[in-house]
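Please find the structures below.
In what follows, chain A forms one complex with chain B and a second complex with chain C.
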Partner chain A sequence: MRPPSPSIPEKEFLFASLKQSLRLDGRSALELRTPTFTYGPELGWVECSLGKTRVLAHVDGKMVKPPPERPFEGMITIHSEISPMASSDYEIGRPSDEEVTITRMLDKVLKRSDAVDKESLCIQAGQRVWHIRLTLHFLSDAGNMLDCACLAGIVALKHFRRPDIEVIGDEVIVHAPTERAPVPLAIQHTPFCLTFAFFPDSETSPILDPNQLEQRLSAGLLSIALNAQRELCVLQKLGGVPLVNDEVLRLVDVAVTKAQELNILVDTSLREDWAQRKVEVR
Partner chain B sequence: MSIVLPGENVPAQHVNLKLGPGLLQSTTSTSSDASRPSIIATRAGTLHHSANGAKWWVESNSRRYVPAAQESVVGVVTHRAGEGYRVDIGTAHPASLDALAFEGASRRNKPNLKVGSLVYARVSLAHKDMEPELECFDAQTRKAEGFGELKGGFVVRCSLKMSRDLLDPSHFLLPLLGGRFPLEVAVGMNGRVWISAKEVKQTIAIARCIGEVDTDGGGMGIEGVKKLLDSLDV
Partner chain C sequence: MASNTRHDGRQDHEFRTLNISYDGLARVDGSARFGFGDTSALASISGPIEVRLVAEQASQATFEVLLRPLSNVPATEAKALGATIRSALAPSLILTKNPRTLVQLVVQSLSSKGDGTQREALTAAMINASTLALLNAGSVPMRGVVCAIPVGRCTAGDRETRLFVDPGETEISEIQGGGCFAFVFGDKLGWGDGDVECVWTNWKSTSGTFDENELSRARELALKAARAVYAEIKRGVKTMGAVPFKFNEKRVKEDVKKGLEAELKTEEGSNDEKMEIS
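On to the complex of A and B.
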């Protein structure tokens, strides 16, 4: 069953309020809901929430034999399936359009942008590499699950630490976390995804981080993935709203400042969590 | 007041016993005395009863609506089907609303609802094996009694506990808002509240207050709401 589209009064009210540049949650047009991170007991277990949208990310690693065509590279797989837990609009087994978009964007943002250095995951060429698996659970949908999922994913990858290993001849020794401190993944850059929504009325300015109603009633979405160093990774536009070049460039500039803010936020949050995890060794 | 869990026995006894939501008269009597029916809870929550012990019910909070007869709900028309409409009221199955179940409706003169219209209706039939049915009038008097199509305004979604609280005359929120500016509200027991005010920012203020006071969203008290309304300049 497709989710019922919003009712006529809701649509009319939202368009009228956006015309007065008022948003339902009191944000300004280009304001992000402040993300909060909750870390679990394990390393690489992060719950990210943007308002009432919540995504849980979990990273684990194991050793596998690499495929023969890429013997020097580790593997990264992303599992993202939206279950009815997020909202009653989603069904098991049949991926919705939104799920397909999110899966493809996650692949582009986290994997194909080379956020994690794959060659550093190699243990023995052609014999053993690390297989990093990122699992995302969508807990609650209040709009813009894509940005929330990307954020949860990258924070989980930065939070994760794999056990230290040692290669002596043909033998691989895995050191337990109690023996040697686990090592973080080699993260080359930190991409963030930011979504803008456009409305059919050309006078209404685009808004950042749409909530569920805004997302459903939007005429088009523009997702920009980039890092704090102003390097664009992905630019995806959905829906048929015509856009002027200058407008896209302006939004990219907005996204840059937001990505820099997010970068600081993520770094402080990870540092605070790491400070709590210190165990004194005697 | 006590807390019950599903399956727990409830000591409800009265000659004219009425069971509310969350309670069930078990068919296989587990009590030793066969003449006394055993009542079990089907939901987790707090157990309440009326002063004389004739009415018993379980209070709890949830987000998914399960229809019950005689409850008023706010729904969205999703299809027009022959002589009636399909209405989404947030239940597992869509409800049906007959085109003749309106005040003054006849074969010649039927209301014309578009797909996407909002209706305020009463659940006339709620059976576990059948689709729920709605009506927009009182079947005895054939008067609208406030039910019918809702034009303009906005719909807020909240938890089921919040929608019951809004219907409680002693709850502080609606009188407080009504003291500041004129407003219209239709509270559905299905966790949807239709609100309407003259200005857009007033409607947004109501929507935000309901969201903040909701125990799901933060459970803000009366002082917090006053501060929020001051900051919103309404």
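On to the complex of A and C.
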């Protein structure tokens, strides 16, 4: 079902306030809603919220036989179907343009940027590898689900621990979490996605992390995925807004500082959670 | 398990800590979370909303239940469970008030044990979460409130089968079947047992024998526990998440005990053993 367009007064009010560099939720133009993380009872269960936007990420792993063309690499699958829980605008089995964009971006940011070292997931070449499955559930859509999903996904991957294994000859022994401490995945870098919204009026400056109304009324979106080490993974521009080179470079610089902030935030949050858990794991 | 106490110190009729919270998801009409211990589910309700032409019904609202497992995409199992939940909840809703509309319920599993050891508990948590979401939305007319409770069974030699509410993680290896019971409560509505009616169960046995007496005992036990769950839901509805829900073990124990006492009065007190509550 196509969602109804925002009303004309809503639109005019938003554009007029943005022209004065004011946002409806009181943020400044390049301010991110502070993400919060809730960890579940098991490892690899993370709920990330960006304001009222909420995404739940869950990671699980199992052993499979690798495809013959890639015998030394583990597999990573990302499921990101948007259910009507996010909003009744989304329908099951009929992906909207937004859903397609999100799925493709997640694939690029989390999988193709080699955030997880796939070769470390190999157990026996050509015989057995780990298959890591990341499922993202979009619980609530209040704008910018993409950034929230990327964040939830990467945090869940960092939070997840797989059972320790031992290979003796042709036999694989899987150690229960009570026997040996589970091992984290080999994460090579931590990419973050940051989305900027542009408006039809060229005098309005771009804003970071648009909320739902801002996203609906924007003329174009620029999503930059990069890590705290200033390595750019993906740059995606949607909508036909013309942009000068300098503007893109400026936004990349902004994204770098935000990514560094996020990196610290994520690391602190994971460390705090892990400190709490140690009591239980022993 | 010789005595009445279980591995985790609970009595046969006690369930794990309840977790109830109202999430206030942004773009649905109502949402709530319900959990027995760590086994929890999140439900959201939208409706009455515009319905697709194919699903439109001239005389009543279309009630759609979508179930989402924690990992992977929903498959046959999720659809079957969705249909189960739909059939358990449908009797409590008055859908004829809003013809040609859609009432959409999305249930999200939050526990990965749902496809294995904690299946019954998760089903019950899903039904209870859906009920809470419906109450939170308040947009669909309801006849009563559906509460579900899991019950486990185990046989020990030639003794009478032992039944207990909400099997925990440590008891799973010992149980031989069991099931989930859903009751619809409607104060002063005068159904089967006065104000309550069993709307759904999936009672099963994996130890070979099964008799009607056992089923009715399980139903009695489930009803007592379900009454306590209902009492907790009812208490929470007054504030609806404005005051965070806190599980009060003592209060719940008293609720269950009250249920037992009422039962004993009518049955002229035969089994005093059940009265021992620490």
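Convention: the second predicted complex is superposed on the first by the 279 of 282 C-alpha atoms of A that agree within 3 Å, B and C clash if a C-alpha of one lies under 4 Å from a C-alpha of the other, contacts with A are read in each partner's own complex, and residues count from 1 in each chain.
We adopt the following convention: contacts are C-beta pairs under 8 Å (C-beta built on N, C-alpha and C of every residue); 3 or more make two chains touch, one makes a residue touch a chain.
Just so it is clear, the structure is predicted and the values come from calculations on it, not from any experiment.
Visitor: Would chain B and chain C fit next to each other on chain A once aligned, or clash?
Guide: When both complexes are placed onto chain A, chain B and chain C end up clashing with one another.
Visitor: Between chain B (first) and chain C (second), which does A:125 come into contact with in this model arrangement: first, second, both, or neither?
Guide: A:125 sits against neither chain B nor chain C.
Visitor: Among the partners chain B and chain C, which is in contact with a greater number of residues of chain A?
Guide: C
Visitor: Let me test your reading of the model: by the given contact rule, A:42 touches which partner, first (chain B), second (chain C), both or neither?
Guide: In the superposition, A:42 touches chain C alone.
Visitor: According to the stated criteria, A:181 is in contact with first (chain B), second (chain C), both, or neither; which is it?
Guide: Neither chain B nor chain C is touched by A:181.
Visitor: For A:17, is the partner it touches chain B (first), chain C (second), both, or none of the two (neither)?
Guide: In the superposed model, A:17 contacts chain B only, not chain C.
Visitor: Of the two partner chains, chain B (first) and chain C (second), which one does A:54 touch, if any: first, second, both, or neither?
Guide: second
Visitor: For A:139, decide between first (touching chain B), second (touching chain C), both and neither.
Guide: In the superposed model, A:139 contacts chain C only, not chain B.
Visitor: Should A:9 be classified as contacting the first partner (chain B), the second (chain C), both, or neither?
Guide: The answer is first: A:9 touches chain B but not chain C.
Visitor: Report for A:88: first if it touches chain B alone, second if chain C alone, otherwise both or neither.
Guide: In the superposed model, A:88 contacts both chain B and chain C.
Visitor: Report for A:173: first if it touches chain B alone, second if chain C alone, otherwise both or neither.
Guide: After superposing on A, A:173 lies clear of both chain B and chain C.
Visitor: Determine, for the stretches 62-70, 116-124 or 134-142 of chain B, which one clashes with chain C when the structures are superposed.
Guide: Looking at 62-70, 116-124 or 134-142, the stretch of chain B that collides with chain C is 62-70.
Visitor: Which positions of chain A sit in both the chain B and the chain C interface?
Guide: 52, 88
Visitor: So in the complex, which bits of chain A are touching chain B?
Guide: Listed in rising order, the residues of chain A that touch chain B are 4-13, 16-17, 20, 22, 24-26, 52, 88.
Visitor: Please output the residues of chain B touching chain A within their complex, sorted ascending.
Guide: Touching chain A: residues 64, 76-78, 88, 114, 116-118, 150-155, 194, 200-201, 203-204, 207-208, 217, 232 of chain B.
Visitor: Any idea which chain A residues touch chain C in the complex?
Guide: On the chain A side, the touching residues are 1, 40-42, 45, 52-54, 56, 58, 60, 79, 81, 83-89, 92, 133, 135, 137, 139-142, 212.
Visitor: Which chain C residues qualify as touching chain A in the complex?
Guide: Going through chain C, the ones touching chain A are 23, 25-28, 31, 38, 42, 44, 46, 49-50, 52, 66, 68, 70-73, 104, 106, 108, 110, 112.
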